[in-house]
Every structure is written in structure tokens, then in C-alpha cells.
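Two complexes follow with chain A in common, the first pairing it with chain B and the second with chain C.
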Partner chain A sequence: MAEKIVSLKNVCMYFGGIRAIDDIDFEVEKGRVFGIIGPNGAGKTTIFNVITGVYIPTSGEIYFHDNLLNKLMPHTIIDKGIARTFQNIRLFEDQTVLDNLKIAHFSHTRYGLADVFLNSSRYKEEEQRIEEESIKILNFLNLADLMNKKAGALPYGEQRRVEIARALCCKPEVLLLDEPAAGMNPAEINDLNQLILKIREQFNLTILVIEHQMRLVMEICEEILVLNFGKKLAIGTPNELKNNPAVLEAYLGKTN
Partner chain B sequence: MNINIIIQQVINFLQLGSIYALCALSFTMVYGVARLVNFAHGSIFGVSMYVLFFASTFLFERIKSPWFVYVIVLIIASVVTSLIALLLESAAYKPLKNAPKIAVVVSSVGAGMAIQYLILNLAGSKALRMPALIPNLRIELAGIPVPLYKIMVIVIAILTMVILNVIIKGTRLGVAMRAVSQDRIAAGFMGIDTGRVVSASFVFGAVIASVAASLYGTAYSIFAYDVGEGIIWWSFIAAVLGGIGSISGAVLGGYIIGAISIIAPILLPVSSYKDIVAFAVLIIVLLVKPTGLMGKKDIEKI
Partner chain C sequence: MTKKNYSTGKNEFLWQLAILLAITLTLIALKEMRLVSTSFLLILQYIGIYAILTLGINIVNGYLGVFSLAHAGFMAIGAYVSAYLSKYFFTDITMFAVSIMAGAIAALLVGILVAIPSFKTKGDYLAIITLGFSLIVQSLLQNARFVGASKGLNNIPKFTNIYWVFGCLLFAVFITNRFVRSKYGRSMQAIREDETASNLVSVDVRKIKTIAFALSAFLIGISGALIGHLLGYTSPSAYGFVNIVDGLVMVYLGGTGSIVGSIFGSAAWQLIVQLLKQLDTWRWVVGGILLIFVMVFLPKGVFGNMELDDLFRIIKEKINRKEPGRGIRNG
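Up next is the complex of A and B:
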């Protein structure tokens, strides 16, 4: 049995009377690409938000390895090794691509105020290390040409890739991708599929991905969670789900 | 007008502009990071004036080295105002985290008034004269006598801005502040403790306000309990003129307001017309560029 890296146990998140997610249970094995699908409003992003500390779940437990994540703030969760991207891209738009990546090294940077004012060797070495690591990741994602461009000025697809690059700079073990293929055409989705598999390999990641694009989900996910109205509808491999009547009903409507 | 007067007026402009620039800077910094129009900031400035007054009056009788006293009282004022700013943040702003923005603005106005009237009750309404914090020597600039303290006010203000710039551009805290000001949620996911960065911005605001207060006290010496009121208005206007949230904008706005305050009374028949000119400039700038001179468009994405 493979090692479980992320597990949710009976997690509920209520906003007043609205049950955004209701009694969700699942486990993700280390090294997997794990998909989360479901109609709009099914609670997919809410799952990411409770894992990453944006919301504190109403009840239930969230584990990363054996550590309970409930009630931790986003910045502590990042330090533990979970990074994410956003459905609405959240780059620091006024800053260059390279600076965006450098910010993501925040928790791994060690120099003090005095180092900056004295321009100490530690400061220079740290800055150089951060810059080199950032450029390495940009090269890996074929984004090096853009490094001095303002992030906000890039086309949508490139912004998404920069966001993935930035998340990688946080040195995560688990990467959460929230609709990485939104707004992409079929050729771009193919590239993205390759990219996701490539970064998993290179950075030894476990990847959770929310997606509407069935091509992406069916081609690269090894296990998929299907949500409907905040509840777990099904979980299984792409092939198992293709023939699952409950999933077909939620997606295609009832057939007689 | 002879050259002598022109040079004097240029120095007066730089002095006043520097003070407004620092005040606007401290105001805009809290706004930029915490997304909060902190109208209580004027009262923080007021508290700083009184702490400087009492501490320096006490120390000047005992210590002979004026520069030493200046540094010490500045540190005392910075610590006191930082504590008040942090108290204000946790008592008046944090509990309203999820309230509409207008509630926080009203809360800041209320907190500011409470502090101001606390000063009135503790220290009385009598105007006070700040001891000369910066030693007053006269130097000659191209044959024209210039009081040294005015030059020192300008130098200290610019030095403060330079140090602040290094902190914001180079340090981890500065990087974190810029990240939080651009996108607080994303900053959290970069491993930045956003709550602490916001608190740090309040401390920065208080320390800069204390430096500004020491310069104001040096330049104009007479003050009363409501000293912060005028300052907060002009620094708010300077910050909005330059583009609220923008550091360079606040500095630019501060010097523009300073220039108007010096030039307008010379050219206009009644000196208080300078306020009309200042507001007219503000209105025209906002009509042409609603985000202020250096401000950026802030599109809220849903």
C-alpha cells in the first residue's frame, strides 16, 4: 500500500445554511495526479481552500502526512509543503515574472536587516541563490524569455504557467492546481498535460487538480473524485468513472 | 523679489514639503499594506508631538548633548506611538475585519478623536513650545544666511525616505509588504504571515509619523492638542493627490502641497487662499487621473 500524503476525514464546510462541502472523505497517494471534478458550485475550490487554510472547516480533519492541518494559516501550510495556484490567476501583476518567483522563496530566505544595509556577502549569496533557482524553474517551464516582463502584461496561458512556476518555487511536496486549463485550446491543453506530468517527475510531486476539461482529467489523472452539491458522488480511476451511472447522471442528466 | 528671498522661500518649501511628504508616506503605507484609510493617524502624530515635548523637556535639563537627546526622544516617541498604533489595530480595526469598509473608516475617525481628546484632558488645551530638538546654528549658503535647523529638517526627512526605500526594495519584510499590498491572499500562499506584515505597516507608519513630528516641532515649534488634525488632512490630500498606496506618489504629493502652501500666499492677496488652490489642484488631478498622479488602476477581480 502506497503512502497517503493528503487525507480528508469527514470534512464539512458550511457557510451559514449553505453546505459548500458536506462530509468529504478521500485520501491521495504520494506521487499521484489526483483529479477533482464536478459541476460549477459543487465545492471543488472549497476543498482546496480548506486544505490550504483559507477556510477553517466546520468539522472534520485534514491531514498532510500525519500532521493535522485544521486551523493552520496559509503561510504555515505553505511551509509544510503544500502550494497552490488559483482559479482567478493571482500573480503580483506589477512585478516582473522573475520577481514573482523570487517572492515565492520567502520562507526559504535567510538574511536580516543588517545584511541588506551592509550589503553583506550572505545577502548577496542568498539573492544570487534565489535568482538562480528561479531562473532554473523558468527554464524548465520554457518561460525564461519572459522573466523581465511584467506578469500582468502576459497572455492568459502564460500567466497560468508563471503561476505554476511560482508555486514550484515554494518547494512543495503537494501542488494544488485550480483549473489550470481554463481558457485553453486543445493544443494548449496537450502541452499542459505534458507539463503537469513533467513537473511531477522532476520535482517529485503529488498533484491535485481541479478541472472541467475532460481531456486533461481523463488523460493524466490516475484517480478522480467526483463532487455534486458538496457531496462525494464517486471516486475511482477514469475508466471506472466513465461507466458510473451516478456520474453520468450528474453530468449528462437522467436517462431512461 | 531678490535672490535672497527666493532662496529662503525655496528652503521653506523644501522644509514644509519634506514634512508633508513624510506624513503622507506614513499614511499611504498603512493604506497600501492594510487597505485601510487610517484617519486616527493624525492623533498618532499628535501623541508623538507630546511625547517629544515632555521627553525632551525632561532630558534637556539633564543631558548636555543635543543630538543625543534628539535620538533618544525620537526612539521614545517611536516606541510609544508604535504601541498605540498596534493597540489601535487590534482594538479598532481587527475586530472589523469582515465588516463593510465604511465601518472601519468610521472606527478610525472615532479612535482618532478619542486619542485627541485624551491628549486634551491629560495635557490641557494650552499651546506648547517644542524645545529646539535640532541645534540651531546659522550657516551661509552663497552668502545668504540659512538657519541650519531648516537644512537638517530637509536632510533628515530625505534620509528617512532613503532608508525606507532600501527597506522596502531590499529586505524580506519589504518584499513581504509589497506582496501583501498587491495581493494579500496570494502573499499568504507565498509563505508570508500577512497579519504580521500588516502590523509591521502600522509600526512603520507610527515611526515615520514620529520622525515627521520631530521635524514639525523643530520647524514650527508651537503646537496644541489638535496639531494632528491639520496634518492628517494635508497628508491625506497629498497621498490622494500622488495616488494613495503609492510611496513615490505620497512623496510627490507632499512636495506639491508644500509648494502650493509656500507659493500661493506670495502670489495671492489673502494667504488662506492657498487652501483653495490646493483643493483645486487636487480636484483637477483627480478629474484627469482618478487614481492620482502615480496611482495604479486597482481592478477588483471577482
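Up next is the complex of A and C:
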């Protein structure tokens, strides 16, 4: 059995009377591309939000390796090695692309206030290092030309890629992608599929991806979790799910 | 804002040295050779002191994007602590730097406390909390007998002169400049745009807010210390609503998130106030109308999020753009 990198045990998240996710249980193996699908409002993004500490789950436990994440602040969780993108892009629009990436280096930039005011050699070295690392990642994603452009001025597709680049700057082991293919045409989705597999290879990542686009999910996910109304409906490989009656019912309605 | 952050080349260092020398020589010329009148020299000192105040406010209200009204309180703390010390303990001018530092550090410590409400509240609510803080400081001072209650402290030694003012201003510009270009400054601007997103790219939001408030209070404390020793007295009434509004006007006139803007805002507003002095109470009306015009036509202030090099770059781009434009029309 491969190593489990992220596991959720009986996780519930209630907002008042609304059960956004209800008793969710799953484990992700290291190195996998793990898909989460389900109709709108099924609780997919809520799962990402409880993993990254935006919400504190009502009950249940979330583990990263063997660390309990439940009550940690988001920045501590990110620092441990989980990074994410957002469903509706949340770049720092007034900053340049390069600065967006540099901001994401925050937790592993090793200098203090004294280094800043004294302009110490450690400060210069660290600034140099994060700039070089950011540019390396931009080159890898073919974004280096846009380095000095304001992030808010870029077209939609490029903003999505900058968001992935920014998440990579957090040096994650696990990358959470929230609808990376939203609004893309089939050709762009094919490119994105290649990109996701490429960054998994290059950065040695485990990837969790929320997506509606079946072209993406069926092609690159090795295991898929299906949610409906906050509950786990099924889990399995793409081929297993294609013929699962419960899944078909949730997506297409009852047959008789 | 494209900035080379880490490379302070030799050339740049020489430039800084040259500018420093030029400023020193100008000040000596102005003061010792009496090139300008004493009243103008006084206005220059006001400009310098308020520029330090504006820089301090700009860190929280501009770069961090948190609407705080705590600056009157910080300024009062800086003024009172330093004035008390140099009146009763450090009566010699050689110890003036110690008094200033003590005032600024007292303000810094209080600033750390004031940062705490900003963790959970935002916008109008935080404005009200910080306004409350300023008014609490004012009314505490009005009732504290050992600092003269509502009459305030008198006979403070008048240590402040133009060298101290511009020395402190250079120090404040240096500190702010280094700070906003570091990871801390970048994070502040990220928090201004999207707090949750910054938290989710590993920025420790609470730490950054605390540091920003502390540094802001520190600089404002310095300005308070200087003004007390310039006037020779300090009273609670100076740190009320007028002071709060004055500070905000200078920040939003000069430009949020800009060092040059802070200095410009302070200079412009102090000169306007002096020019309008004959108008008596009406100057607040004229000043207010001026401010409305600035807000309508330049909502980010004159230098919003820009420094001098950004301005030069934009001007250069505008000049360069004309020529290829003509070329296209010809072809």
C-alpha cells in the first residue's frame, strides 16, 4: 500500500442547519491525481476550505501525513506543505505577476526585521533566491514574459496559470486545484491536463482537483470522489464510476 | 510597481550620499546663513514633522489598507512621554535622542495592543474602535494631574530644530523604504488586496498587522516627540479630532502607499493651511473643498502607490509612445 498523504475521517461542516459536508471519509495516496466531482452545492469547495483551515470543521479529523490539521491557522497549514488555487481567481491584481509569486514565498523566506533594516547579506541572498525561484517557476509555466505585468491586467486563462504558479511557490507536497478548467475550451483543457501531469512530475506533487469538466476528470484522475448534497456518494477509478448507478442518478436523474 | 528589491548597487549608494549631502548643505544654508525668515523655517519644521506623521499613518492606512484613526493617540503618547522625560529627567539636549526614542517606543508598545482588534474587525468597525482609542488617550490625559491635566505640560525644553526634524525624517524615510520593499511590505500590500488569499499563500496575517501597527505607531510617536519640543508645550486638546482629520487629509492628498506622496501631502497641506490662515475659520471650508476636488479627480491621491522612479518611468513611457504611434499612422 502506498503512503496516505491526506486523510479525512468523519468530517462534518455545518453552517447552522445546513450540512455543507456530512460525514466525509477518504484518503489520498501520495503521488495520485485525486478528483472530487459532484453537482453544484455538493460541498466540493467546502472540503478544500476545511483542509486549508478557512473553516474549522464541526466534527471529524483531517490529517496531513500524521499531523492533525483541524485547528491550525491557514498559513500554518500552507507552511506544512499544502497549497491551493481558487474557484474564482484570487490574485493580488494590483501587484505584478512576479510580486504575486514572491508573496507566496513568505513562510520560507528566512530573514527578520533586523535583516531588513540593516540590509544584511542574508536579506540580499534570500531576496535573490526567492526572485530566482519565482522566475524558474514562471519559466516552467511559460509565463516569464508576463513577469512585470499587473496580474489583474492578464487574460483569464493566464491568470489561472499564474495562480497555479503562485501556489507552487508555497513549496507544497499537496496541491489543491479548485475548478482549474472552468471556462476553458476543449483544446485548452487538453493543454491543462498535460500541464497538471507535468507539474506533478516536476514538483513531486499529490494533486486534488475539483472539476466539472469530464474531459479533465476522466483523463487524468486516478481516483475520484463523488459528492452529492454534502454526502459521499461513491469513490473509485473513472471506469468504475462510469457504470455506477448512484452516480448516474445524481448526474442524470432516475431512469424510470 | 516594479522594484529591484535587493540590489543596492554602488551607484545607488553614491546617489543617496549625494542627496544626503545636498539636504544637509541646504539646511545649514537656510538656518545658519538666515536665507529665509524664522517663520518660514518654522513652517519647514512643521512640514518635516508632519511628513513623519504622514509616513506613519500611511503604513497602516495606505500600505496595509486598514482604516485606522489611532494616530492622534499615538502622537499624544509620543509627545507626552518624551516631553515628561526631557522636562524632569533628561534636561540636557545631548539626551534629546533618548527622549525621542522613549516616546516612540512607548507609542510602539501601545501600537501592538491596538493591532489586536484589527485581527477580527474591518472597515467602519475598526475605524470606530481606533477612534475610541484616540479619544480615550485624550481624555486620560485631560484627567491625569501629573501631566498637567487639561492644561498639559508647559516649559518643555525647546530642543527641536531643523536638523533634528530632517534627521528624524530621513530616518523615517529610510525605515519605511526598507520595510515596504521587504517581504513584510509585500505581504502588507497583499493583505490590502485580499486578506484570505494572502493567508492561504502562507502569509501570517496577524504577525504582519502587528508589525505594521507597531512601526506606524513608532514613527507617529517620533513626530509627537518632535512637535512637543518644538512648541515648548503640549496639551490634550492638540490630539483630538482636528489632528485626526489633518493626518488623514495629508495621507489621502499625497497618496496612499507612497513615501514621496507622504512628504508631498504634508508639504502641500501645511503650505495650504499657512496660506489660508487669513481666512480664519473659513480655511476649513476652502481646505475641505480642495480635498473634495482631489478625491474626485485623483482618488488615490497625487502619488497613489507611486514613488518617484515609477513617475519617471511613466513619463518616459508616455514620451516614447508618441513616436511609434506616429510611425504607425504614416505606415
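The rule is short, and it goes like this: the second predicted complex is superposed on the first by the 256 of 256 C-alpha atoms of A that agree within 3 Å, B and C clash if a C-alpha of one lies under 4 Å from a C-alpha of the other, contacts with A are read in each partner's own complex, and residues count from 1 in each chain.
FYI, contacts are C-beta pairs under 8 Å (C-beta built on N, C-alpha and C of every residue); 3 or more make two chains touch, one makes a residue touch a chain.
Everything numeric in this text was worked out from a predicted model, so none of it was measured.
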Room on chain A for both chain B and chain C (clash or fit): clash
Chain touching more of chain A, residue-wise (chain B, chain C): C
Contacts of A:Asn148 with chain B and chain C, given as first, second, both or neither: second
Touched partner set for A:Glu131, first chain B, second chain C, both or neither: second
Contacts of A:Asn88 with chain B and chain C, given as first, second, both or neither: first
First (chain B), second (chain C), both or neither touched by A:Met184: neither
First, second, both or neither for A:Ile47, with chain B first and chain C second: neither
Those residues of chain A which chain B touches in one complex and chain C touches in the other: 52, 54, 73-75, 78-79, 83-84, 86, 90-95, 102-104, 106-107, 109, 111, 113, 116-117, 123, 166-167, 170
Complex contacts: residues of chain A adjacent to chain C: 52, 54, 73-75, 78-79, 83-84, 86, 90-96, 98-99, 102-109, 111, 113, 116-117, 119, 123-124, 127-128, 130-131, 148, 166-167, 169-170
Chain A to chain B touching residues, read off their complex: 52-54, 73-75, 78-79, 83-84, 86, 88, 90-95, 102-104, 106-107, 109, 111, 113, 116-117, 123, 166-167, 170
Interface residues, chain C side, partner chain A - complex: 1-2, 5-8, 175, 178-179, 182-184, 186-187, 189-190, 193-194, 196-205, 211, 305
Chain A-touching residues of chain B, taken from the complex the two chains share: 166-167, 170-173, 175-176, 178-179, 182-183, 185-195, 296, 301-302
